[in-house]
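Written below as structure tokens is the structure these notes are about.
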Amino acid sequence: MINKIFASPAEAVEDIFDGAVVMISGFGEAGSPIELIHALIDQGAKDLTVISNNTGSGHVGLAALIAHRRVAKMICSFPRTANSKVFPELYKNGEIELELVPQGTLAERIRSGGAGIPAFYTPTSVGTPLAEGKETREFNGKTYVMQHALEADFSLVKCKAADRYGNLIYNKTARNFGPIMCTAAKTTIVQAKQIVGLGDIDPETVVTPGIFVNKVVEVANPAEESKLVAEDRRYPW
Amino acid sequence: MINKIFASPAEAVEDIFDGAVVMISGFGEAGSPIELIHALIDQGAKDLTVISNNTGSGHVGLAALIAHRRVAKMICSFPRTANSKVFPELYKNGEIELELVPQGTLAERIRSGGAGIPAFYTPTSVGTPLAEGKETREFNGKTYVMQHALEADFSLVKCKAADRYGNLIYNKTARNFGPIMCTAAKTTIVQAKQIVGLGDIDPETVVTPGIFVNKVVEVANPAEESKLVAEDRRYPW
Amino acid sequence: MVGNEEKKGWSIGEMAQKAALDILDGSYVNLGIGMPELVADYVPEGREVIYHTENGLLGMGPVPEPGKEDPELINAGKKCVTAIPGACFFHHADSFTMIRGNHIDICVLGALQISEEGDLANWSTGAPDAIPAVGGAMDLVAGDIKIYVISRHTTKTGEPKIVRECTYPLTGKNVVNTIYTDLAIIDVTDKGLFIRELAPGVTFDYVQERTEAKLNQYS
Amino acid sequence: MVGNEEKKGWSIGEMAQKAALDILDGSYVNLGIGMPELVADYVPEGREVIYHTENGLLGMGPVPEPGKEDPELINAGKKCVTAIPGACFFHHADSFTMIRGNHIDICVLGALQISEEGDLANWSTGAPDAIPAVGGAMDLVAGDIKIYVISRHTTKTGEPKIVRECTYPLTGKNVVNTIYTDLAIIDVTDKGLFIRELAPGVTFDYVQERTEAKLNQYS
């Protein structure tokens, strides 16, 4: 029988190994799987390469993972946001590596990783410092830069509801990178606000088909990152 | 005000010009916009390049368009199906051109056309006659073939429901090529079984965002291709 | 080549049953058109298998009851099917993400020819007047999906289908994992073709006589 | 460079209003973070404009009433927004299909520098200790979307922002269509920069003095 449901975030993340490439969904706090990230902090894996649009806020979630020196390299489009303090400090001290990728290129590289496309051409970043050292090529008189797919060992994703097959739906703009990250990892681990029965999600409205998901854990009341940051909470507490 | 609703298939297709590249949704009869195709036959545009997975059945829909010698070239993955008679005959007589593309490559080329990606690499067809003359390249020790995006002047698509912004939902496996074809044409023309009010489609379940759609026409009772073929109907009747 | 003679070996149903035994619980499986479709009928009870059809459905169920057919709910062979609870629909680019991106576990296909290196030819006889039609076959074999081929051991006229080199146009190079014929189950390995199981009353030599490629026995 | 002096030209609201007048009925528009966001407040009545935010929403509505904020319904600046009837949500790859594939009509952005050829620098001052952060800016300018830049004509210290060559790292080459500053509306054309409209009380020479690039007048 197919049952992808795990009892706790701790059990869901226990296989993540030192040196793993980990994709983490979210755009700012929307869609960030904070309970899975905290379980990963507890679990202890280090030397991680993390692919996520931002670098977290305050001292919780992704920012806490970075603060605990578990992340050797960040691949992201926007590493500094309003309450982002941890990453900037480590970066200035040369203690964390950064690969900066334009947001749409980041999305397309992840989508390609999931779709078995090793590389593609894009007009984005041509003529800018982010295209330096990259192969360019003309198609129909316009210049494009070649970009390689991104794949991960694990993806950590937050969603609204899941069933035991791993079919997922999301909530509003918390969808963002979740669906493509689910496709691009060897093991996709999802925290869902609710686990529902098979067939409870209309087959026409499934956003992530279960085939892309390996583990699901229910987190009925996920923490709100911005509230934790406002209270200056630090994980672990 | 944005109002993409047109009164009839005839009005919706009136801009299609001789020599146009036209994508037509559908996998067999499922999702084939038969009323739009018939309106196109009436309209008279010729020398068309048609991109569609199959070549139609009997003497209705896409097969009728081909039978009326409006199609100079087909780009498809499977030009012969059970009741496909028109295309095979013209093809054997050298009266229609064929570009045969593996089905997944066809889908990805269309998706790339819509996404501003001019070319990508795929493992599909490497070492086969369909890769002959195409550029190949190794990534991580594996060989891939480069494929170019497909774009169209017009896409003709069938869906289940649409609103005046052009937001669409589909019915079951009639979805197939519809959503990607909507993105890849300069002008996307859609026949919907039902036109609904703005907001009647849950924003979480929209499959094709309205930005990809230019014209919508309601066809409440579309013909069933297989029934017409069984009755040996021929368009125009 | 061997002429007409008394029928030996497994029936088509038994071939499908043998392939089905190699589909583990929880697998995501794509079944080709024709003989491969039979495999679904033989998956052992207690195994939950999810069927993918490349025209946009994961969780394909059995043929509908008469009168309940929906022409917009079909499989890749354009036959009416059903959807199980927990199924989902998606568009073609997402469907081939499942294939090309190696998310499907197993694909069962028919064959015209299979070479000793696992090359597969199953889309064209290369006849000059034939209309070429490839569908999704090349995509299905391009990734790291396990490819099971189910096929009669020889053609209707007794020609071997398991050959040293395919003479028909290829679907993919070095792609087949296991071949299920009426005579034997044959694994394609780095060291050549190995017979894993012989049909009752069939000997190794009997199979080798009907096979152009060299066969090996596991020691 | 020109020193401090009496304030001349349009207010920020008036600049936003000028840009808003160039957004036609039925346009799909992406507004950058900061000053560009103001443009939405000035679109003339009777024009229906659909706002896209690259984090996955088409049909973005105004700021929610206090107490009705949803931290999972935000814009690209990570501020809470609303969704209008007819809106839809989608993932990041689909969102950038709308951008890279030229489906969006107009994007309004801020700028650090704009060159006379329409090069735009708006993501980095290139300072060695700055943490680079690019977000979606390079994607937005890479296609054939109309790029409107809304910006003060000079920096806080009076340096020209409209220059012969950008000295800051580029966001994109030859991408800007129109520049809306406090002093003028300037079109970027194949033949150079042309002033389309001057703010009240501002002369051509006054603008040219505050512009490193050569300005032209429509004849």
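The letters A, B, C and D name the chains in turn, as written, and every chain counts its residues from 1.
We adopt the following convention: a contact is a pair of C-beta atoms (placed from the backbone, for glycine too) under 8 Å apart; a residue touches a chain by one contact, two chains touch by 3 or more.
Values in this document were obtained by computation on a predicted structure and should not be read as measured data.
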item	value
Result of counting contacting C-beta pairs for B-C and B-D, higher pair	B-C
Centre-of-Cα separation between subunit C and subunit A, whole angstrom	36
Rounded Å distance, subunit B centre to subunit C centre (Cα mean)	29
Touching two or more other chains - residue numbers and ranges from subunit B	108, 111, 115-117, 122-123, 170-172, 204, 207
Overlap residues in subunit D, where contacts from two or more other chains coincide	83, 89-90, 93, 96, 99-100, 142-143
Every chain pair meeting the contact rule	A-B, A-C, A-D, B-C, B-D
Footprint of subunit C on subunit A - complex, ascending	1-2, 111, 113-117, 163-165, 167, 183, 198-199, 201, 203-204, 206, 209-212
Complex interface listing, subunit B residues touching subunit A	108, 112, 115-123, 139-140, 142, 144, 148, 169-172, 202, 204-205, 207
For the subunit C and subunit A complex, residues of the former touching the latter	25-26, 28, 46, 48, 50, 52, 58-59, 83, 85-90, 93-94, 96-104, 142-143
Of subunit A, residues touching subunit D in the complex	27-31, 77-82, 87-88, 91-92, 98, 100-108, 110-111, 122-130, 170-180, 207, 224-226
For the subunit C and subunit B complex, residues of the former touching the latter	53-57, 70-74, 78, 83, 89-93, 95-96, 99-100, 119, 124, 129, 131-139, 142-143, 169-173
